[in-house]
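Before I ask anything, here is the structure I am working with.
Chain IDs A, B, C and D follow the sequence of writing; residue 1 opens each chain.
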Amino acid sequence: MIRKGHHGLRPGQTMHLSITTRLRWHCEEPTDSLLQIEVAATSGQRLLANAFEGTPAGHVTRVPAQDGIGERIWLHQEGDCTVTYAAEVEVLGRSVALETLAALPPHRLPGEAVPYLMDSRYCPANRFSPFVDEEFAAFEGGAKVAAMRDWIAAHYRYVPGVSDASTTAIDSFVERRGVCRDYAHTLICFARAAAIPARFASGYGADVTPQDFHAVAEVWLANPEGVGGWHLVDATGMADTASFAQIAVGRDAADTSFLTSFGQADLRELAIEVREVASLNHVR
Amino acid sequence: MIRKGHHGLRPGQTMHLSITTRLRWHCEEPTDSLLQIEVAATSGQRLLANAFEGTPAGHVTRVPAQDGIGERIWLHQEGDCTVTYAAEVEVLGRSVALETLAALPPHRLPGEAVPYLMDSRYCPANRFSPFVDEEFAAFEGGAKVAAMRDWIAAHYRYVPGVSDASTTAIDSFVERRGVCRDYAHTLICFARAAAIPARFASGYGADVTPQDFHAVAEVWLANPEGVGGWHLVDATGMADTASFAQIAVGRDAADTSFLTSFGQADLRELAIEVREVASLNHVR
Amino acid sequence: MIRKGHHGLRPGQTMHLSITTRLRWHCEEPTDSLLQIEVAATSGQRLLANAFEGTPAGHVTRVPAQDGIGERIWLHQEGDCTVTYAAEVEVLGRSVALETLAALPPHRLPGEAVPYLMDSRYCPANRFSPFVDEEFAAFEGGAKVAAMRDWIAAHYRYVPGVSDASTTAIDSFVERRGVCRDYAHTLICFARAAAIPARFASGYGADVTPQDFHAVAEVWLANPEGVGGWHLVDATGMADTASFAQIAVGRDAADTSFLTSFGQADLRELAIEVREVASLNHVR
Amino acid sequence: MIRKGHHGLRPGQTMHLSITTRLRWHCEEPTDSLLQIEVAATSGQRLLANAFEGTPAGHVTRVPAQDGIGERIWLHQEGDCTVTYAAEVEVLGRSVALETLAALPPHRLPGEAVPYLMDSRYCPANRFSPFVDEEFAAFEGGAKVAAMRDWIAAHYRYVPGVSDASTTAIDSFVERRGVCRDYAHTLICFARAAAIPARFASGYGADVTPQDFHAVAEVWLANPEGVGGWHLVDATGMADTASFAQIAVGRDAADTSFLTSFGQADLRELAIEVREVASLNHVR
């Protein structure tokens, strides 16, 4: 990981990302595979182009993904399966200083945020309550989340390959290392343990080195006008809102895998390229 | 646990349940507590009466609960908190023979069912794939779920008190014992490992001994007409659709706790009474 | 827990402890139970009196315990079993400043110390290597162990009742709390992760509040003359060599339980009294 | 894994094994590494030749290994380290029918066997008590161990590569698959849960395919003359006493790793060849 400086786009500025993904896997038998690799159309990012192609041409269905953000794509195929995806995305730079945001008391949270207070597969947040109560007691709201992010950045080492599909935030906290998913899981646990809703977002990041799918946490906080919403926080320091094109959200990585096969599947190739085409400057 | 015989209501029959719940806890400081104790209004059960009362009269808010089934109630209180709940519910007996139901291939599942294929806090379903593949290979669809239910009933012992908030389906599977939540978690893991969506439902059961909140699994299967829907399966044998009044659903017990406090809370009393008033016989 | 000041006996001073233990349990059927409650006769402590009594008078056998320190007592009994134990012990105050001790390189360790580098039931030490490498890199030998002890004392809270027979050092590290066994397990993990042999010692402590069995860690370090040996370290701050009467040693708590029953046994009473009779002052 | 038939040597027969091992690893810095790869000299096997060689010639020390069986070899080296080992071993065929052996009641076990009743790193045996009590209730002593072995053989699949240094018997039991260490860990848990001492033995097996280090369980049972001793049981079916040359014993795999480095070490080669030279037939 090479940490590059953040873009610090001014509000109103956008970044143009060009993304290509190539995924190849093999299924001995006809198998249902679930893909989550397409950039979602949301208020924070605009899709200029989006091309999804799979061979052999098999059965393809789409359903809405979690929280209505993006779609889940099912393929029913056999043998060698190749998927290529290309997108042009305009991401709106709307970085907000975390410290200016406030936490809502739980009883004022909207129904959609409440499930993100609960423990999930990789985020057994309750276990972290004593630590969080003690370590971050001096902070409130966005400043508390910023302190959590900084604690992780200071105490974790980014080590590709150390985590796998069974690694929880507890494992990462004990070993104090991981990749983006582990940083996000830890931050999610910390936030939930402080009664701040937190979810997991997968996506593409312009500054992710080596290039790969990226993952960040999102926390539900209210802006100075009292309006609640999800705010991206990346404890790895790799992404900010200006450089992160969101694919999907979920409780944690269990909800947002780029490829989930129901049957034997053997991943043979994963190639991702994310280029920053230009930072445009116009008012929305 | 004393297993009583099932009711075997004929389609069109209903059961009338009278439910009272009393919950008392103590918070040293002003604390937000989340309650999920009210019977939900759904197509399968009709609320004839519903009375929720809390003292001291504090701040109370309600938000829709998971999948739009029932509501989550927030209380913001301090000191001794008492909640009493009383309901009269008419539950529609629509027991369906599991064996007549079919599993949909994953790529034909509706978007709402897909999240229930994923691993969750207490249900790391993927870990059970080798076991499920081998043990239940001979069965398909509802017959497979029935075989899973019967395996659990045959191999688990119902032992009150052996599980707590950190007990996962793996713990239960190794120790081969648990209470209703553990039976449900295990069945959910088995079903998801076979690509059958499964969720957790909390509720009140007429035949639960000793009387307490109850929990069952629900699986997404299609009826002979090809219409998919959630179907209740209780590996403990305590409940069937005719005797179970649903409160809430979720990925697992993490989503449906009857009381979740964000701060120190000390549960001092929990009293539940569920009486079967009568089985009515009329056509809907 | 009330932490009292340490005794700081000068070398040559001893402390006289008077210990009584009463243990009562019930076995429905004839059951083998293993007791480890007697103070061991070692070079660091002298038994002035030792009385063990069990009713009903059943089959009793004794075998040497781990590392030849003390004995394991087997009882084969049925029904209500009561054991009383009374001892007068003279403990030699030989507190050594940890900082003056050196770690031996692993290849110079005696065979008896090597097993205490390995992972054990409650001490999966390898998992802590990244944390230990980073956090304690500035220290060597006894100073490193002292830094580990101080880190635990600073970051853990002593909370009776939070741990049980399944709680490992990982659980304690995540939750940052526990009782003496958990403090000891954590310190053992830290030391082993730094290639310093560490074992678990159970015993009686004069300053343990409330009175109960106590547990500490022992690390293998060399004194300034280069002579290796086990040195007591108590991260709870409750015990030092002058106030701790050792019962048994082991890899971790799994080896030193005061009562292990092979069959159903129901512990009904545990009463421990440890009084400091006098601190004598004579030369050995 | 290809299961070949067992040798079924008659008492008094021996098997002659020719073993070569080549191990290469790399340490960036001077590192202490612990090797356990030499066949031990025991009453059940005779070393005809034994050659251990390491390059670069570095610091080498030896200490007795667990239970006095074999030696642990320490190397203090840097850079590329190569170790070659060659041995000629005569293994005594003394296969005993498990069913003829009896379990001693715990209170009659010798002190050396008692630690092998306790939980260890990979063998949290207590967790298996409910399963073992129920599943193997019909059997006693050696017949019970045989039933345990057969249960594992029937329910586990041998799948190279599925386990790693963090895989416990619980993981294997849930996933019902593993390699030799996992089969042995499971059997050890089952035996200990039934109050039968069980330990882990590493070694070389003539019939292990692909060739690698092998591991089996040993249980403490008494022969028809009432004499207690350790008896080899291999749930994988790969080894029996006639074809297994023992290296070391321990609580579980944590005690018997072939290479444990205290520092960064990168294993680059592991080549093992075990040939059956001849089965000799002479009386001892």
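In the analysis below, a residue touches a chain if its C-beta (ideal position, glycine included) is under 8 Å from a C-beta of that chain, and two chains touch if they have at least 3 such contacts.
Worth saying up front: this structure is predicted, and the values here are computed from it rather than measured.
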Fewest touching-chain hops separating subunit A from subunit D: 2
When subunit A is superposed on subunit C by its C-alpha atoms, the rotation angle in degrees, nearest 5: 180
Same or different contact residues where subunit D meets its copy subunit C, judged by the half mark: same
Whole-Å gap separating subunit B and subunit C, where each centre is the average of the chain's CA atoms: 45
Intercentroid distance (Cα basis), subunit B paired with subunit A, Å: 31
Numbers and ranges of subunit A residues touching at least 2 other chains: 127
Pairwise touch network: line, ring, star, complete, or other: ring
Pairwise chain contacts under the document criterion: A-B, A-C, B-D, C-D
Subunit D to subunit C touching residues, read off their complex: 32, 34, 59, 61, 63-66, 72, 74-76, 105-111, 114-115, 117-121, 124, 126-127, 165-166, 195, 250-251, 254-255, 260, 262
Complex contact set, residues of subunit C against subunit A: 127-128, 130-131, 134, 157, 170-171, 173-177
